Amino acid sequence: MKKIEAIIKPFKLEEVKDALSELGIEGMTVTEVKGFGRQKGHTEIYRGSEYTVDFLPKIKLEIVVADGAVEGAVAAIVKTAKTGKIGDGKVFVLPVENAIRIRTDETGDKAV
Amino acid sequence: MIKITTSKIRLLAAIASLAMLGAVISTLHAEDAPAPAPTPIAFTNAPVAAQNAFLLAAVTNGDPTPTNIAPVAIAGHNAWMMVSSLLVLMMTLPGLALFYGGLVRSKNVLSILAMCFGITSMVSIIWWAVGYSLVFGANFASPFLGGTENFFFKGVTSDPNTSYAYWVSQNIFAIFQLTFAIITPALIFGATAERLKFSALMAFVFCWMFIVYFPLAHMVWGSTGFMNGVWNAAAKIPAIDFAGGTVVHMSSGWSALILCLILGRRVEQSHAPHNLVMTFIGTALLWVGWYGFNAGSAVAADGVAANAFLTTTLATAVGAFTWPAVEWIFRGKPTVLGFCSGAVAGLVVITPACGFVNSTGAVIIGVLAGVIPYLACTILKHIFKYDDTLDTFGIHGVGGTVGALITGVLVDPSVNANLGGAPAVANGLAKAITDHSLVVAQAKAAGLTIVLAVVGTVVIAFVVKLLIGLRPSVEAEHQGLDITDHGEEAYNN
Amino acid sequence: MIKITTSKIRLLAAIASLAMLGAVISTLHAEDAPAPAPTPIAFTNAPVAAQNAFLLAAVTNGDPTPTNIAPVAIAGHNAWMMVSSLLVLMMTLPGLALFYGGLVRSKNVLSILAMCFGITSMVSIIWWAVGYSLVFGANFASPFLGGTENFFFKGVTSDPNTSYAYWVSQNIFAIFQLTFAIITPALIFGATAERLKFSALMAFVFCWMFIVYFPLAHMVWGSTGFMNGVWNAAAKIPAIDFAGGTVVHMSSGWSALILCLILGRRVEQSHAPHNLVMTFIGTALLWVGWYGFNAGSAVAADGVAANAFLTTTLATAVGAFTWPAVEWIFRGKPTVLGFCSGAVAGLVVITPACGFVNSTGAVIIGVLAGVIPYLACTILKHIFKYDDTLDTFGIHGVGGTVGALITGVLVDPSVNANLGGAPAVANGLAKAITDHSLVVAQAKAAGLTIVLAVVGTVVIAFVVKLLIGLRPSVEAEHQGLDITDHGEEAYNN
Amino acid sequence: MIKITTSKIRLLAAIASLAMLGAVISTLHAEDAPAPAPTPIAFTNAPVAAQNAFLLAAVTNGDPTPTNIAPVAIAGHNAWMMVSSLLVLMMTLPGLALFYGGLVRSKNVLSILAMCFGITSMVSIIWWAVGYSLVFGANFASPFLGGTENFFFKGVTSDPNTSYAYWVSQNIFAIFQLTFAIITPALIFGATAERLKFSALMAFVFCWMFIVYFPLAHMVWGSTGFMNGVWNAAAKIPAIDFAGGTVVHMSSGWSALILCLILGRRVEQSHAPHNLVMTFIGTALLWVGWYGFNAGSAVAADGVAANAFLTTTLATAVGAFTWPAVEWIFRGKPTVLGFCSGAVAGLVVITPACGFVNSTGAVIIGVLAGVIPYLACTILKHIFKYDDTLDTFGIHGVGGTVGALITGVLVDPSVNANLGGAPAVANGLAKAITDHSLVVAQAKAAGLTIVLAVVGTVVIAFVVKLLIGLRPSVEAEHQGLDITDHGEEAYNN
Amino acid sequence: MKKIEAIIKPFKLEEVKDALSELGIEGMTVTEVKGFGRQKGHTEIYRGSEYTVDFLPKIKLEIVVADGAVEGAVAAIVKTAKTGKIGDGKVFVLPVENAIRIRTDETGDKAV
Amino acid sequence: MKKIEAIIKPFKLEEVKDALSELGIEGMTVTEVKGFGRQKGHTEIYRGSEYTVDFLPKIKLEIVVADGAVEGAVAAIVKTAKTGKIGDGKVFVLPVENAIRIRTDETGDKAV
């Protein structure tokens, strides 16, 4: 089992979700985050004070999948989230040792 | 269990001793009331012509003196003054609280609300006990302070106080003026936002009312006031201030500057407003409420009020146009905070002028309001590096001063007959207007206001600092005043 | 497709049958209108002295009867009453909705707004159809209910209804009173917040208006009312209630207590308010709007209104000072919610008294308002363990009761000549005031109000429970009523 | 450094050339003012009977012409019109801004606020310079545009302009009408929310005022207006529109439809409102403020205002009841947005009718308002697939049209004597009412309004598109207009 | 050391926290997230527009514990967070290589 | 590749970000979280009801870096985030198996 963490542009969420659903991935968890990276922020001016916004709104997707499903999921995310412009985001893959579905106590691949 | 902390004891001690002081000072020169006017006749006993003149005067805010019938509260004026009073209350609660509250970080927003509410409640009590009398009383016969005759609202009934308005119930007048006494100190705390303890604030305001506000308000608006050019035939400085350029905006703005210098800069660096929509709502309610402030200052629903209504609208709209236009040209984008700032600046600058200038004057004032406070907030502040958190000095201090002076230039006697009334003729105001020299008196009034505000604030701030301290700990400043001073958080789930 | 669920059918059935009941009851004792007054003369035909007396009366809310000229709507009074009406509407929308809405969890805030809006719209329709007539009509000649003559606003024109006001258009008076009929039931739902179905609310309020509000309002304010000490010479209980201590606050507060007991406690444990800024805005708008409520209850812009304006301000400010001061002493910190609670408590307690007490009385009332409801919300509630979600009983029930009683103690006839008017002399009110025994009548009125509110609520609540159920499922309570009852979420991105 | 971008130059060029155009057009037919009325006598010189008739007329908004005394501003009316003016200002700032702002995504909320504020400030300046005069002036003696005599508020003093109101200061009247000129274009931008550049908006509105609003307002309300059935004896279309069904709601609603068609659909798909509480507050303030709009349109605190107050309340409440009731039946749940939408729809549809229909008419209007705009927003919009973001067309366009027509059906001459006044008799309005054929004139007025709005909008939109472009880039639309147009974010921490 | 990530229903947070505290677990980090899964969302209607809400509010708990404590902690979470209804959530276990307490520079098991 | 997760006090974010930037770390993702730990919360009182706040506002930083950069980054975070007061937070290091830059499809160390 792996956890895929994808940082994407907020307006791409629906598209990515739909692409993953089509792959049969039935669960994911979404967090609103702020990203700092190569994509330049902007300066906001409030009366006399300048305020530099380096942290841009991003969406973090977390999806735990069985090992075999990783590649397809990552490809789907990369494909749908791409705009080709800087700031499109990243996908990270992390190892997961176990998963449990709280409702049923199922564990492992069955739980995700 | 009762928690009595040292700081609380000190605070109470401070408040109590100042109350003593205030009471002592306030009774020092107490004298008998001035001789009563000749007994008026009853309406029904007056000749028909007098009755009709009286009735016409009643609905048009005319002078009933020739009829010798005692004026009474008239529905149209009472209605307008009740509305004006609640509008000015609305300026503080929730107007100013939202305007300021939206601009701070979310961890300090409640502290702004608590300050506005705390001032509102405490000043109301002081006003009832002694404040109204010290400003609008007369038995000191002094140009600097009113009298003792209306302590605890004695004699403040539904009949008019004819020294200030023929046709409005005195109790409404007293509440109308209370709302000014509330918002003035509340303005100060924009400059010190995010780094002043609530207890320090309360002690500061308590003293400031006695040392700065009551004397100043009497000097400008009291019937025996030192600078009351329109109504006091014996005014030494025949200046004019329709709705409080000196009393409200300069006094609070200059005090704010001094207090923020004494406090020093905030621990955390500059930040974005936590909720600009909140600031926008506050601005809109300030604008709406300001009609009570300005047009209400006619203390009647008459033609002078009507003119103030017009000039207030134009100056505000033009200010709200100019400030973001300047931003657009020099910075590339017009901001919502620019619209809000320009509108408030327009309101501030027109305040002393609104009942004395015409529509062209109002437009000129709007342009100045969009430019000069803008420069104060963006350039002056950076040069001198004071941390005027929410630009109280930049907008109210600078704007109020511009307003006080420009009123002397743009005054148009044709919009307000009182500028040529008997007192104005006696004290030289009328002549100054014809001579185009009024700006000198205005400058004197502004200077006196600055001195009083600065000296008063320095003294009070150091006393309060000594007794209970002004700033929270650095830890508390990081955590935010909402939790440390009030034990609450504004937003939960 | 049309979704007709069983619960909806039951709800409609319940409403319909109660409408029947109401209509039947309301026509039972219908009689002819009382004999008309002698035909008045036209203004132009009256003698000059009468004309002038009439005009003076018109602008000062005097009694025109001696002139025998028919009173007409006068600008100053009409203006004030239109303002008052919109202010009281603003108390509910958005005032109360924000005050309550900020205190619940974010998943239930829309349910509060929907209840306020639902009540506003439904009660307006009932009021137009029958409510106004049942309260302010006269043809039942009953101390307990009005009449049928103004059903569907028949005869409610721009001319005054001289039983209630000489100089105000009756249609404005009818809308002014509507705004009271709206806010009263809306207050109740603070106690049951987060666990009452919207459909149950609507059915409950529908019944409650007929069974509790209309009779009570007629008893207290109707020209033939049972407890209308000031205006009904035949009042059996010569009590006084200027702006609705019994009718509005006690009735809603005691009904709230009963309803929350019947409902039981919420599923989830206590929580922090989701948005205290919202509650603060609501409080401020309640305060501002309350001037319409209290000073508007003079139904004129006269000296009585002016006095109510003053006393309302003082009591509220003192209440807002006292509550957080008590917190500061006993709990270590003054809270923003304490300021808000104290202000609202001050407003509640001064409501029945505002037109009858002087400024000292108002200050005393403010102190009581800051202490007694505080104790009710913090101690009483813990002892008896009822889940009065937003302290409707603690503030309105307890505060309203304190207000009703204290009015009998602090009444000052010098501020309101009507306390010595002909009806007051006839029914014993005037004597009770001189004897300092008015508090007995006040206690009787309070007792009767409690009985009516409690019994009415028990009956209605069980009927509604039986027909459509009161509470949502536990699941729905977890998810929040916004989604389950309204299919919406308050905050998105 | 000064950033002068091409688009800014183009914008200025566009504005400047249109200003020229406007000025040229507006002076084309300038003629001398009409012959002055016979010199009135002074109040004190008039016979007592005339004096008394004058005084009675003054407080009841009667006609003083027979007394030959020059009317003056009277407290009660001035008070009400100042209140009305500030209420209508409050409708835009913050009312409409919150109503619309809550419905967009959080990244576009400031752009809504900036549009409201930008329009308010710019239109105020245009109004002062030329607008008021072009609408309410007379020296063109034209049914389509006013005159030049009041350019720069020349002659707009505290005395009444008796062509429009006997007892209200003209400067207040001018500001009251300004608030209408502000809110009308501001309504349009609900339809184009989230995808119209701020610069494009400003240029569009500048032109739209000259091409659509000023002519239309003069036609409907100007003393020489083409469709002013009540006051212009020579009106060619004797239609009636009490508070702006055609001028305000139809003109903005139909323009909104066209502009959103020209713009095309938004890039991102449909979304949930970012803050329904904000929309709720906006709705409540719109309702409260609308009393100034509707009852204020009597330009007096008289019986006609009183009737408008009543009908406005009823129609709004019934609209707010009906819309969610329809949702409950057809969709399963009554929504808070449904309550808000129904209330606003009720307010829109009653606007042209409020001073002309009785309470039954108001209830009927409320029902229609809850149903027809509901269908427009849910069905019509889906059929024709236009992206009317916030349903400006659905509510204001459709609702305004329904209101204009239904006024012709439900008109009740007994509530408003002016419907039988001399001008109405002369131009056929009175007869049309008796004949029940008024709806024909109403349909003509509605048709003319639609043609003007549609053609004007098409022309202006294409010109602005050509000069500076209408839409932001797709990137900017994704990022949100708050950052791209104003460099700010609404919410931070 | 392992990181336990639990996605639970929001109203269960207090209960789960108390259960973990009883086990002697003294630290955790909580994030408000939106979850997509088998639990059906609902449709919201704003005037004419339908808006499907698939993402439901959930709470994500992150707890880093020594290897030996994993089992107990997971069991406690599963037990207290269970309602038996769909949407109860998941528990994931991930490997952690190191932990440092910023205040003291302690590392490894002592740091958590 | 490793993922560094740091829980820090909110007002330290700017400082930590700057320290990481100086190390040449060009990307990170930030989440607002609530932390429960040894640092005591406080009690809030709303009229009669006490409400205990155990969860304090914290910032979670997530930074994926090449293995060689871990040590320096952790040291920089620990140094700048330290106030020496309880509640300063933790740093956790987790293994990452892969990283993909959505814009360019680059993978591995080049992607971060």
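So that you can tell them apart, the chains are marked A, B, C, D, E and F in the order they are listed, and the count of residues begins at 1 in each.
Following the convention adopted for this analysis, contacts are C-beta pairs under 8 Å (C-beta built on N, C-alpha and C of every residue); 3 or more make two chains touch, one makes a residue touch a chain.
Bear in mind the structure is a predicted one, so any value in this text is a computation, not a measurement.
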{"item": "Required minimum of steps from chain B to chain E, each step between chains that touch", "value": "2"}
{"item": "Neighbouring chains shared between chain A and chain F, ordered by label", "value": "B, E"}
{"item": "Comparison of C-E and D-E (more C-beta pairs in contact)", "value": "D-E"}
{"item": "Distance from chain D to chain C - Cα centre to Cα centre, in angstrom", "value": "34"}
{"item": "Inter-chain centre distance, chain A versus chain C - centres from mean C-alpha coordinates, in Å", "value": "54"}
{"item": "Touching two or more other chains - residue numbers and ranges from chain A", "value": "31-32, 44-46, 53, 85, 94-95"}
{"item": "Overlap residues in chain C, where contacts from two or more other chains coincide", "value": "48, 52, 55, 58-59, 74-77, 79-80, 83, 271-273, 281, 331, 335, 337, 487-489, 493"}
{"item": "Interchain contacts, given as pairs of chains that touch", "value": "A-B, A-D, A-E, A-F, B-C, B-D, B-F, C-D, C-E, C-F, D-E, E-F"}
{"item": "Residues on chain E engaged by chain A in the complex (per definition of touch)", "value": "2, 6-8, 31-38, 54-55, 58, 60, 74, 77-78, 81-95"}
{"item": "Residues on chain B engaged by chain A in the complex (per definition of touch)", "value": "103, 270-273, 327, 331, 335, 337-338, 341, 377-379, 381-382, 391, 394"}
{"item": "Residue ranges of chain A in contact with chain B within the complex", "value": "44-51, 53"}
{"item": "Of chain A, residues touching chain D in the complex", "value": "9, 11, 14, 42-46, 53, 85"}
{"item": "Residues on chain B engaged by chain D in the complex (per definition of touch)", "value": "48-49, 52-53, 55-56, 58-61, 74-77, 79-80, 83, 87, 105-106, 167, 271-277, 280-281, 283-285, 287-288, 291, 295, 300-307, 309-310, 313-314, 317-318, 320-321, 324, 328-337, 339-340, 342-343, 359-360, 363, 415"}
